[in-house]
Amino acid sequence: MERQLTYEEALSELQGIVKKLENKEVKIDELASTVARANQLVEYCQSKLQQTEAEIQKIVKKG
Amino acid sequence: MERQLTYEEALSELQGIVKKLENKEVKIDELASTVARANQLVEYCQSKLQQTEAEIQKIVKKG
Amino acid sequence: MERQLTYEEALSELQGIVKKLENKEVKIDELASTVARANQLVEYCQSKLQQTEAEIQKIVKKG
Amino acid sequence: MERQLTYEEALSELQGIVKKLENKEVKIDELASTVARANQLVEYCQSKLQQTEAEIQKIVKKG
Amino acid sequence: MERQLTYEEALSELQGIVKKLENKEVKIDELASTVARANQLVEYCQSKLQQTEAEIQKIVKKG
Amino acid sequence: MERQLTYEEALSELQGIVKKLENKEVKIDELASTVARANQLVEYCQSKLQQTEAEIQKIVKKG
Amino acid sequence: MSTTKKSYTLTQLVASIKKVLNRTYGEQSYWVTGELVKLNMKGGHYYLELADSVNGINTAQMKATIWRTQVLALQQNLGEEFRQLLQPGNRLLFRVTVTFHEIYGLSLTILDLDPAFTYGEIELKKKQTIERLQREGLLNVQKQMRLPLIMKKIVLVGSPDTSGYRDFLTELKQNRIFTNFVIQEIPTTVQGDKAVTEICAALLEADNYAADAIVLIRGGGSKMDLNVFNDYEICRTIAQLHLPLLTGIGHETDEVVADLVAHTKHITPTAVAKFLYIRVGTFRSDLQTGLDRILTQALSSLASATEQFTNTNKFLTHYFQNIITDYRSDLQAKLHRIEVGTNEILAEQRALLDLSLEKSVVAAGHCLHIVQTIELPAILEKMVLRSTNLIEIQRLELLNLQEKVAVLNPLKLLKVGYTISSIANTDLSQYKGEFIGQELQTLTDQFTVYSTITKIQK
C-alpha cells in the first residue's frame, strides 16, 4: 500500500469502488482484484489507526 | 482454452456464437465444433466466476 | 459414400440433383441411378445430422 | 427387342418412326411392320419406365 | 392376282398403265383388257391396304 | 365382215381406202365397191369402240 | 503693569474650589459609567484609573478609590464576580461621590458596582470583536480548513487543574470505540491577568506540532470567567493557526467568540472527546459498510453472471436443435421433391410414349386413308377418263374418215349431174400423155360416154 495514502483518500477510493460496482462498471475480470483492493484499503486504514505513535513530532517552522 | 482469454472476451465470443446459432448462420459441418467451443467457453467462464467467487469468499471469511 | 464429403458438399450435390430432376434434365436411363445417388446423399446427410446431434448432446450433457 | 437398346435410343427410334410416318415417308408395304416396331418400342420403353419406377420405389421406400 | 406382288409393284404397274393411257400408247383392241388389269390392280391394292389396316388395328388393340 | 379383223386392221384398211380415194387411185369400175367397203369398215370400228366402252364401263361400275 | 493686583493664596483658592464642589456635588452620589483602565491595590484599598472615550479618543480620565470597608462589602455582595468585574478593560457602572482633596485633588469614591451593566458591556464588546474579526477576514478562516477525517494526533491546550481537562483525557482514553490517540498537552492558565497572553502563547506553541488538530478546553465557569475567550487577541491567534482548532469551552448558553472563530465548537470537553472518537468509529463503520457493499455487490454480480450460464446451455441446446430440425426437414423436402420430380419425369415419358404410339397409328391410318380414298380412286378415275378419251378420239377419227369417204365418193357427184373423165382409166388431171386422138371415157350417173379427143384448148 502506498504509504502516502490518507484516510480520506482510502475512504474515497473505497467509495469509488462501491459506486463502480453498484453501477456495474466493474468487469468480472477485474472483480477479484477490485475486491482485493477494497479489502486492502480497509485493512490499511485499520492498521494505520491501530499503529502506535510515541509522540507528536514538532515541526520546524520556516516562519 | 487459451490462458490469455479474459472473461469478457470469452463471454463476447460466446455471445457471438449464440447469436450465430440463433440466426442459423452455422453450417452443419461446423455445428459440433461450434457448440463444443461454446461449451468450452461456458465452462471457462464458469470456472472464472467460481475462481473469482472463491477469491472474494476468502476475503469475506477473513473480514 | 466418400468419407471426405462434407455435409455442405453433399447438400450442394443433392440440390443439384433436385434441380436437374425438377428441370427434367435427367435421362430415364440415368434416373434410377440418379435417385439412388440422391437417396444415398440424403442418408449420408441424415447420418451426419444424427452424428452431429449425438456429439452435441454429449457435449451439452457433460456441460 | 435388343437387350442393349437404351431407353433414349428406343425413344429416339420411336420418334424417328413417328416423324417418318407423319411425313408419309413409309411405304404402304412397310407400314404395318413399322407400326409394329413402334408398338414394340413403346412397350419396351414402358417396361423400362416400369422397371425404373420399381427401382426408385425400392430406393425411396427403403430410405 | 400374283401373291408375290407388293403394293408398290402393283401401284407402279397401275401408274404405268395410266401413263400409257395418257400417252395414248394403248391400242383400242387392248383397252378393255388394260382397264380390266388396272381395275384388278386397284382392287389388289385396296385389299392390301385393308389388310395393313387390320394388322395395325390388331397391333394397337393388343397394345 | 371378217370376225378376225382387229380394230387397228379395220382402221388401217379404212385409212388406205381414204388415201386411195383422195389420190383418185381407185378405178372407175371399182369405185362403188371401194366406197361400200369403207362404210362397212367405219361401222365395224364404231361397234368395236362401243363394245370397248361398254366393257370399261362394266369394269369401272363394278369396282 | 499695575502692582495693585488682587491675589489669593493657593490654599484660599483650593479651599474655595472645594467649597464650590461640595456645595454642588456635596454628599450626593451619582451612577457613572466608565472604563477601568488600571487597578492598584494597597492596604486593602483599590485605586482605580477610570477613563471614557468617544470613537477611541479619550474624553475624560479620573482616579477612583474603593475603600477597604467598601471592598469587603462588595466582595460579600458580588462574590467571585467582583474580581471578574474589576478587570482592566471592563466598562463598569459605578455609584460614586465626587471627592476633592486639597492635596490629592479631584477623585471619585466608588460606593457600589452594578454587574448587569458590565455584562451588557461584555456582550457589546463581544459583538464588536466579532465585527472586527469579520472585517479583518478572520472569522471564517478556520471554518474553511478541512478537518482531517481522523484526528488521532491531538494537541491539547488547557489548564490541567480543571475538571474539564481531566474529563477530556478520561473520555479519550476510556471509551469503547477508539483510544489510540496521541496527545500533546500544553498547559496554560485560563483565568487571571495573564490568561490572554498565556493562551495565545500556548496556541502558537500547539501550532508547531505535526498534529491533526488542536483542542482548546476550559471546563466551564461564570460568564465573566469565560469572557477571556472573547478576547480579540486570542481569537486572532486562533484564526491564524495552521491546524484546525476544536473548542470545548464548557458553557451551556452563550458561546464565546473563540467558538465562532474555531473550526468546530463543542459544548464541553467531553463532547470534543466524543466527537473525536466517534469520528473514528464512523470512519471505521464507513469502511466496513463500504467493504460489505463491495463484497455483496461483487457476489451478486457473480451470481447474476453465473445465472446467465445456466440459461446459455439451454439456449445452445435449443438453437442447435432448431438448426438440426431445419436441416432434417430440408432433407425431407428434397426427398419429396426428388420423388415428385421423378414421378413427373416418368409420367411425362409415359404420356410421350402413348402419344408417339397414337401418332404412329394415326399417321399410318392417315396414310392408308389417303391412299385408299384419294390416290387409288384418282388413279382409277384417271384411267377411265383416259380410256374414254381414247375412245372419243377414235370416234372422231372414224367420223373424220367417214366424212372423207363421203366427200370423196364420186358417185355422189354423178348423181347431181357431174361427170368424171378419164383416158385409159387414168383421171384427166393425172394423165400425162398425148391427148389428141385418144379415147376419152366420160362417166355419168346413168351411163359411160366414149369419145375421141380432137382438140385441146388451154
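In order of appearance the chains are A, B, C, D, E, F and G, and numbering begins at 1 in each one.
Keep this in mind: a residue touches a chain if its C-beta (ideal position, glycine included) is under 8 Å from a C-beta of that chain, and two chains touch if they have at least 3 such contacts.
Everything numeric in this text was worked out from a predicted model, so none of it was measured.
Novice: Which neighbours do chain D and chain E have in common?
Specialist: Looking at chain E and chain D together, the chains touching each of them are G.
Novice: Looking across all chain pairs, point out the one with the most C-beta pairs in contact.
Specialist: A-G
Novice: Do the two copies chain C and chain D share over half of their interface residue numbers, or under half; same or different?
Specialist: Different residues, largely: of all residue numbers at this interface, under half are found in both copies.
Novice: Hey, which chain ends up farthest from chain A, C-alpha centres compared?
Specialist: F
Novice: List the centre-to-centre spacing of chain A and chain C in whole Å, with centres computed as mean CA coordinates.
Specialist: 67
Novice: Centroid from C-alpha atoms only, then distance chain A to chain F, rounded to Å. What do you get?
Specialist: Comparing mean C-alpha positions, chain F is 161 Å from chain A.
Novice: For chain B and chain F, let me know how many angstrom lie between their CA-based centres, rounded off.
Specialist: The mean C-alpha positions of chain B and chain F differ by 131 Å.
Novice: Chain B to chain E: how many Å between their CA centres?
Specialist: So the centroids are 99 Å from each other.
Novice: In chain B, what residues contact two or more other chains?
Specialist: Residues 28, 31, 35, 39, 42, 49, 52, 56, 59, 63 of chain B touch two or more partner chains.
Novice: In chain G, which residues are in touch with two or more of the other chains?
Specialist: Residues 291, 295, 298, 302, 305, 313, 316, 320, 324, 327, 335, 338, 342, 346, 349, 357, 361, 364, 368, 371, 380, 384, 387, 391, 394 of chain G touch two or more partner chains.
Novice: Where do chains touch, given as pairs?
Specialist: The set of touching chain pairs is A-B, A-G, B-C, B-G, C-D, C-G, D-E, D-G, E-F, E-G, F-G.
Novice: Any idea which chain G residues touch chain F in the complex?
Specialist: So the residues of chain G in touch with chain F come to 380, 384, 387-388, 391, 394-395, 397-398, 401-402, 404-405, 408-411, 420, 422, 425, 427, 429-430, 441, 443.
Novice: If we count contacts the way the header does, which residues on chain G are in touch with chain B in the complex?
Specialist: Interface residues on chain G, with respect to chain B: 291, 295, 298-299, 302, 305-306, 309, 312-313, 315-316, 319-320, 322-324, 326-327.
Novice: Which positions of chain A touch chain B when the two form their complex?
Specialist: On the chain A side, the touching residues are 27-29, 31-32, 35-36, 39, 42.
Novice: In the complex of these two chains, what residues of chain E are touching chain G?
Specialist: Against chain G, chain E makes touches at 14-15, 17-18, 21-22, 24, 26, 28, 31, 34-35, 38-39, 42, 45-46, 49, 52-53, 56, 60, 63.
Novice: Tell me, which parts of chain G touch chain E in their complex?
Specialist: 357, 361, 364-365, 368, 371-372, 376, 379-380, 382-384, 386-387, 390-391, 393-394
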